[in-house]
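Consider the two complexes below, in which chain A is the common component and chain B and chain C are the respective partners.
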Partner chain A sequence: MNAPRPESAPPAPAGSFLRRIAWHWRHDEKCELWIGWWTLVVFYNLYGLLFFVITRTQPPPEPSLDPMEVVQWFGDRRHGLLYGYALVFIVGGATAIMNATLAYSIRRMSVSRAFAYSYLVIYALATLPGMLLMGVACTVGAMRPDRDPAVMSWLYDLAFLSFEGTMGVFLIGSLIWMAAVLLDENGVFPKWFGYLNLCNALTEVVVAPAWIFQSGAFAWDGSIAWWINMGVFVIYTTAFLTLLRRMILREDFGTGPLPELATDPAAGSAP
Partner chain B sequence: MTSIASTRSRAHGSPETERFVPGQPDMWAFVLFEAFVFTAYFTVYVFSRARTPDVFRQSQMHLDLRVGVVNTLLLLTSSLFVARCVQAAREGSYRAATTNAFLTMLFGSVFLVSKVREWAMEIGQGFTFTTDEFFSFYYFLTAIHFIHLLIGFVALAVAVRQLTSPARRSQVIVETCATYWHTIDFLWVLIFALLYVMR
Partner chain C sequence: MPRRADGEVLLLWTLPVLGVVWLSAFLLFPGFVEPMSPTMSAEQVAAFYRDPQNLPRIRYSMIAFNWFAVGLIPILALIVLQIRRMAHRTPIFSYAMIACAAGGPTIFLMANLFWLLAAFRPERDPELTLLLNDLAWVTFSSQVGFLIAQSVILAVAIHLDRQERPVFPRWVAHFNVVVAALLIPAAFTGAALTGPVAWDGVLTFWVRNLAIGLWIAVMAAVLARAIGRQRAEDEAAAA
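Right after this comes the complex of A and B.
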């Protein structure tokens, strides 16, 4: 798949969406990269839908709820939690493709492979506490709402603290990506994205007080520990999805600097 | 402090093309973004203060304004030296530029020690991160600034490496590092005004 497109391949059609998809599937040497990129786009949209709308676990509820309020919280969204997390567990494996695509972008840089491998490993581990453990705790709570309120309260704390616990992973992951972008001489990403990684890393540090406070700006649902961070994360995610798409368009499967995008629209196209 | 000048690119190792900002424009994107993030933190602080003004006012009385002033002067002096470092590098005086970079580090280090000493003093008097809302913000804002400053030392180390190695000496990178340092200084002035001065 790394070979350049054969000369005999027909030009990309400008017709229907399905025809264009079929052309890319058969002739585009970047097909795997596009699958990875679309997986990222679909996953993040699905993540938003599942966590914000269906399970309603984001924005996070107050940490200061008493056991009876926690039971009420589980009861209010019982079906959302059960059906929502069933879907989360189905699509959870997609993180492997997403992480591979992100690691590929680092491998394309002129820096040591250690950056890409570290990034891959650290984000693979992040899926366990940040998504799966939280999902298990919420599902266990929702499955039998007649449990002892003290146990429900324990599950509630476990769910949200495990979610918050990924902050260190995102901190180090962002720093790895930052260092790779700033050291890279292949121009895979612009340097401002390296600095944006630093911003994102610093907002992860801000989550740390969530382990101490049960209310206010620094609690896990607080304006500083959650709302501002989420704002930064949305900008950061939008930036790297856009830059990854641009990287794929520019990809020449070489090892040197990535060529700039040609002004000729026929030179590269996205499905 | 580092003025915008079209003649800045004369120094050895820098591109001759006209630039509109000192250093990499990418760093200015960082400055802008950090300014937005800190504006959000400051807004939350001001709203929290407006909710319980008495708690904030009483707790604020325990901070020593003189310490805040000394901290500010230390960082402003460090910014002056980093500006002199950039100027010297532009003129090709790399020895002087390196000396100024080290002086920047020295004043930054004194700031760090002073800040740790102030924290120790406050904790010794029983004012910790969880004492009340004001002290939560005090420790949060000064600590996040402290972390930014630590990263600033990495930036200065990069600048020194550029200045001391004739094979490198990228004026753009030196100015990029200086821009970062000025940003930390700028953020501190705002934090100082909010925590120590605004009553």
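Right after this comes the complex of A and C.
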């Protein structure tokens, strides 16, 4: 990250999609940032597809199923679980580049590097209890349909409680991002996004009763623990993807305030 | 500052020692040399852990892995430092590599804990020993995500390292793409109890583990060259 590129790049071609991608790969000085941004966009969509459609583990089923019903639950979606989570395992490491890109946005702010580093480490460790452990539990459950139902019930709890009940990393991670946005004088993100981080952090607080209640609004499939959580998460993700794209368009690779976009939205060169 | 690179050479020389420890622990664990079959019944799995010939070998090999699994992290940190020397505009790739360096060994440690737990009370209900054994093998075999990401990140980072003398030669990028591809089938471990993707299968066990071993050896060699060159440049600058 020390040598600037030669600045004599030819203008972006107007040709096919592939030719435009090739141009950005060869000449766009923001190529690294766009790789990070597109990884975020593609993988959030892919994770949505894998969790909601292929494995059918979201929205979550009821925590109150008895062991025989749990065995039935695993049996009903056996191949979806086995193949869906295999795909999650293959692409799961993409979270590293996603979190690195978000950590870079914090590094671009006028705050201590401690914020970016904490964010990076917190979200790197979150992947394991927050996502991969659920995949392991569902795979182990689905691979032997004749397993003791009591053990299946334990795997079912492990899957959903590790996924939803891993709270602190997202709670503290969001608060660190919030503090960085509010302290930042480079205008990387608008201040309202700082407060949106607070909303996201609060959803992790209201999830806590999922560790206690086996049914009702506070249970892991309940209207409070799941639906509000998911609603805020979708708004939050959409907001930061949009803001991150604007940040990349505005990026000047300096350390001072980020310049504002020219009024003509076509002036940017987003691929 | 030549002393800085000297410290890096020291870290790099921990790798042959680590390799010997890993290989010894691998040979010591009775479930690896002829990998345990996923088709074993709960009683057979329990008998494997209860066998007085196996039990100490399971425990000692897994204790050794527990001690030395994270020994690879300093080597990954050296790769992070080489990524930082590349002609990039942002630290995104070195950040992402740090995230992978934390993820991969942690996952291996989880599998290690499940194996040690299964061996801790071999008299446990066979259904529970089977569960711990499944959790260990599935975690160990299927969790290739960070390893794949690490190779893809390196490949992209090397391609974007556009300078007169790139940090790593271009073929290292291609090599990493091949390794990433070889790791993919192991993710499907859970889907088959027999055949090449089962956890004792050719693709999931042998190809995957040999690919990881080869990756470590090749990356260590190119790392040694890059650090050597860096040291020579530092010395020339200091003279």
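In this section, the second predicted complex is superposed on the first by the 259 of 271 C-alpha atoms of A that agree within 3 Å, B and C clash if a C-alpha of one lies under 4 Å from a C-alpha of the other, contacts with A are read in each partner's own complex, and residues count from 1 in each chain.
Rule of thumb we're sticking to: contacts are C-beta pairs under 8 Å (C-beta built on N, C-alpha and C of every residue); 3 or more make two chains touch, one makes a residue touch a chain.
In this text, all values refer to a predicted model and were calculated from it rather than measured experimentally.
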Clash or fit, chain B versus chain C on superposed chain A: fit
Partner touching more residues of chain A, whether chain B or chain C: C
Partner chain(s) touched by A:139 [first = chain B, second = chain C, both, neither]: second
Chain B versus chain C as contact partner of A:113, first or second or both or neither: neither
Touched partner set for A:127, first chain B, second chain C, both or neither: second
Which superposed partner A:85 touches (first chain B, second chain C, both, neither): second
Partner chain in contact with A:232 - chain B first, chain C second, else both or neither: first
Which superposed partner A:213 touches (first chain B, second chain C, both, neither): first
Which of chain B and chain C A:104 touches, first, second, both or neither: second
Partner chain(s) touched by A:199 [first = chain B, second = chain C, both, neither]: first
Closest Cα approach, chain C to chain B, once both complexes are overlaid on chain A (Å): 29
Footprint overlap on chain A, comparing chain B with chain C: none
Chain B partner contacts - residues on chain A that touch it in the complex: 190-192, 194-196, 198-199, 202-203, 205-206, 209, 212-213, 216-218, 223-224, 228, 231-232, 235
For the chain C and chain A complex, residues of the former touching the latter: 38, 84-100, 102-103, 106-107, 110, 127-128, 130-131, 134-135, 138-139, 142-150, 152-153, 156, 160, 162-163, 184, 187-191, 193
Touching residues (chain side chain B, partner chain A) in the complex: 24-27, 29-30, 33-34, 37, 40-41, 44, 48, 129-130, 133, 136-137, 140, 144, 147-148, 151
Contact set on chain A toward chain C in their complex: 1-5, 29-33, 35-36, 79, 81-83, 85-97, 99-101, 103-104, 107, 120-121, 123-125, 127-128, 132, 135-136, 139-140, 142-144, 147-148, 151, 154-155, 253
